[in-house]
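Next, two complexes with chain A in common: one pairs it with chain B, the other with chain C.
Right after this comes the complex of A and B.
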């Protein structure tokens, strides 16, 4: 679906996107994802969909080491397994009730996921993690523009949202986040205004 | 204090939300604006010739502008919500009104059949939402959230500007907009939702677990 390559790690968030008690929401290659942190600091990336009634997990809430769905308050633990169903408090929850869990790796201040990714995420040089900029163009177009006109001092990676949009993330080697932001917003204007 | 109110209108919600945060009890006077047009009756027009909601009545004082109502509540109950020493307060209240005319209008067009150009409203709203997202990152003194700057106006306390913008931003997906690629806005919405005294409205989810921390 929409150009996601199996075996590849994609950056889907920055670590600073995931404070305590927050459910982060994004998309990767047409797959809606939710990410959250348990109390041990570990990051969990799940399909953004409660297996009960399909409501987005990212509308829900982190409760300690569990994610609670907004709709019927079903709770899911770190492994993705459902732990508690309030409407049936005495029920031992069947193991088959499970969030769809995605692989996750933390590296270079970014959170990485993908479809059966292999090895380690790409190495990035040291520097400050940028604010992610969405661009309403396919990843291939953004990649092409960056090859043609590289942005100096930035190590960038692309997160394909779907076939029409891409998030640009990365590192400012000189820690100058303001300059980096101007450069990325200019890139966005250039690409989105081009026919 | 009496609030002439319509549950689904964001400017009315802003006044109820601030009252909740201040712990002020309002006497609500609900009006059937949609579909009843109760804001166009002679009785209501005598109170507010513009026919707009909300109207806040505090003794002899009749306030027909929602931002003025927020200012009035803050100034009479807790001035921490009205940081008058910051020029940015004026800018952010203007931003809130612009969000109302764009994101707010798109929501009313899509969900209540209000007249207007939804596509134009969304285009304007997208530009404003991008700018609020950017400012949450780059506050004037550095990097917003990452230096502990949680609110739109510098300082440790939320202001009426946060609530005035929140009431259009939090339910913006009802107007065909999206917060998905605006992570700083989503975190800021969480911070507002977790404020003590927070109240919700249709399309704005109340916090469940993390209240009272």
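Right after this comes the complex of A and C.
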């Protein structure tokens, strides 16, 4: 159902989407994800769901090097393991209580994840990462349109959100960011207006 | 389409509060996926109609309008305390919530969230430890949790200081629960709060809280406002639970000892074979 190819790295956020103390929420192939940074700057990508009662982690809070669930304030460390349960402060937390951790890589100003991705994320030319443009079309049709009519001056990466929507991120290869952004918006209009 | 759960289909559910009905405007709502129209005449007569079918069984009690879509197999939920003369019923108001009915009930039973979701009202950091309590089955079905204790900074509008509050929780019907809570003034008597959930669809609900509190000088408006504040703190949590339907399989979520009443509630729903608003133990979890 996810339409994700195992072994492939997908860009799920720009690095600038993840300031300190923020929990960034996104989707990849129908999977809800939460991304956050620990104090060392490392990025963590988890299933956006506390294993205790299913509340989205993205509702929660970053406390130092831990993510705290908003429902019962259970804390989860960088490895995803639960470290503290305030309702039972003396409990040695069982190792089975663990967030579902996704692979993560940083490159080209982007945060990458995927299902058992192999190797390194794709090499991209240097340039500024533009704002994410969501398009209400499946990734396959966006990719198809880009093959038919490539956009010049831009390197593009696609994030399939689910079967109906895709985020396009552009890396501007020159300094004309406005033109590059307009090109992406025009792409969105063209695709969403197409029957 | 999922066949509608016979347990809920043949039970009574609130679909409106009398105090919120307006003669100038029909009240449109939904019960178990069935659209309903509730009207009130200038003389106060209430009628519930189905668009596609003869009028369903209907009645009024505790300030709420109740409907049974099937064949009633039992009475409307009895609340004996509603007959006590010194206990006025306060209808808190109906609150829509994008969560399944069982998730809403389970949250009401939950002690561990009080110090965080209701911080400075019903609990507070660092008094977040859930002390051991007892959960037992009720003879007529359902569960009861006793000896629940929680330190509460502001247990009710009348509370002037924090104190250790004793609670008893009961679930007598799959979508009706209540708590007995020591009154902040008459500490040897209980205030009672009911939460009755109208199952709208499998993943949406309308909560109908009722207060049966001993008069302590708090106006009904203040009681209502307090309870609405509390519910509004729960609503974003409930609407961010994934999956929306309550998973009943052991191990689907990870309870600890403090979650004993949740475990008992889920097991009871499994045992009676409830299918609405839950992911049954034998069903593979559908995507959220």
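We adopt the following convention: the second predicted complex is superposed on the first by the 194 of 195 C-alpha atoms of A that agree within 3 Å, B and C clash if a C-alpha of one lies under 4 Å from a C-alpha of the other, contacts with A are read in each partner's own complex, and residues count from 1 in each chain.
What we mean here is this: contacts are C-beta pairs under 8 Å (C-beta built on N, C-alpha and C of every residue); 3 or more make two chains touch, one makes a residue touch a chain.
Keep in mind that this is a model prediction, so the values were computed, not measured.
Q: Thinking of the overlay built on chain A, is A:42 touched by chain B (first), by chain C (second), by both, or by neither?
A: In the superposed model, A:42 contacts neither chain B nor chain C.
Q: After the superposition on A, what does A:59 contact: first (chain B), second (chain C), both or neither?
A: It touches chain B and chain C both.
Q: Return first, second, both or neither, reflecting whether A:70 touches chain B, chain C, both chains, or no partner chain.
A: In the superposed model, A:70 contacts both chain B and chain C.
Q: Report for A:167: first if it touches chain B alone, second if chain C alone, otherwise both or neither.
A: first
Q: Please indicate which partner A:85 is in contact with in the superposed arrangement: first for chain B, second for chain C, both, or neither.
A: In the superposed model, A:85 contacts chain C only, not chain B.
Q: Given the touch rule stated above, what does A:51 touch, chain B (first), chain C (second), both, or neither?
A: A:51 sits against chain C, while chain B stays out of touch.
Q: Should A:26 be classified as contacting the first partner (chain B), the second (chain C), both, or neither?
A: The answer is first: A:26 touches chain B but not chain C.
Q: If we overlay the two complexes on their shared chain A, which of chain B and chain C does A:16 touch? Say first, second, both or neither.
A: The answer is first: A:16 touches chain B but not chain C.
Q: Touching A:177 in the superposition: chain B (first), chain C (second), both, neither?
A: After superposing on A, A:177 lies in contact with chain B but is clear of chain C.
Q: Do chain B and chain C land on any of the same chain A residues, and which?
A: After superposing on chain A, chain A residues 59, 70, 73 contact both chain B and chain C.
Q: So in the complex, the part of chain A that touches chain B is made up of which residues?
A: Spelled out, the residues of chain A in touch with chain B are 13, 16-17, 19, 21-22, 24-27, 59, 61-63, 68, 70, 73, 131-132, 134, 161, 165, 167, 177-178, 181.
Q: Inside the complex, what are the residues of chain C that reach chain A?
A: 111-113, 115-117, 125-126, 128-130, 236-237, 240-243, 247, 253-258, 287-288
Q: Which part of chain B faces chain A closely enough to touch in the complex?
A: 134, 137-138, 143, 145-146, 179-181, 183-184, 186-187, 190, 194, 205, 207-210
Q: Touching residues of chain A toward chain C in the complex: what are they?
A: Residues of chain A touching chain C: 1, 30, 32, 48-49, 51-56, 59, 70-73, 85-89, 91, 96-97.
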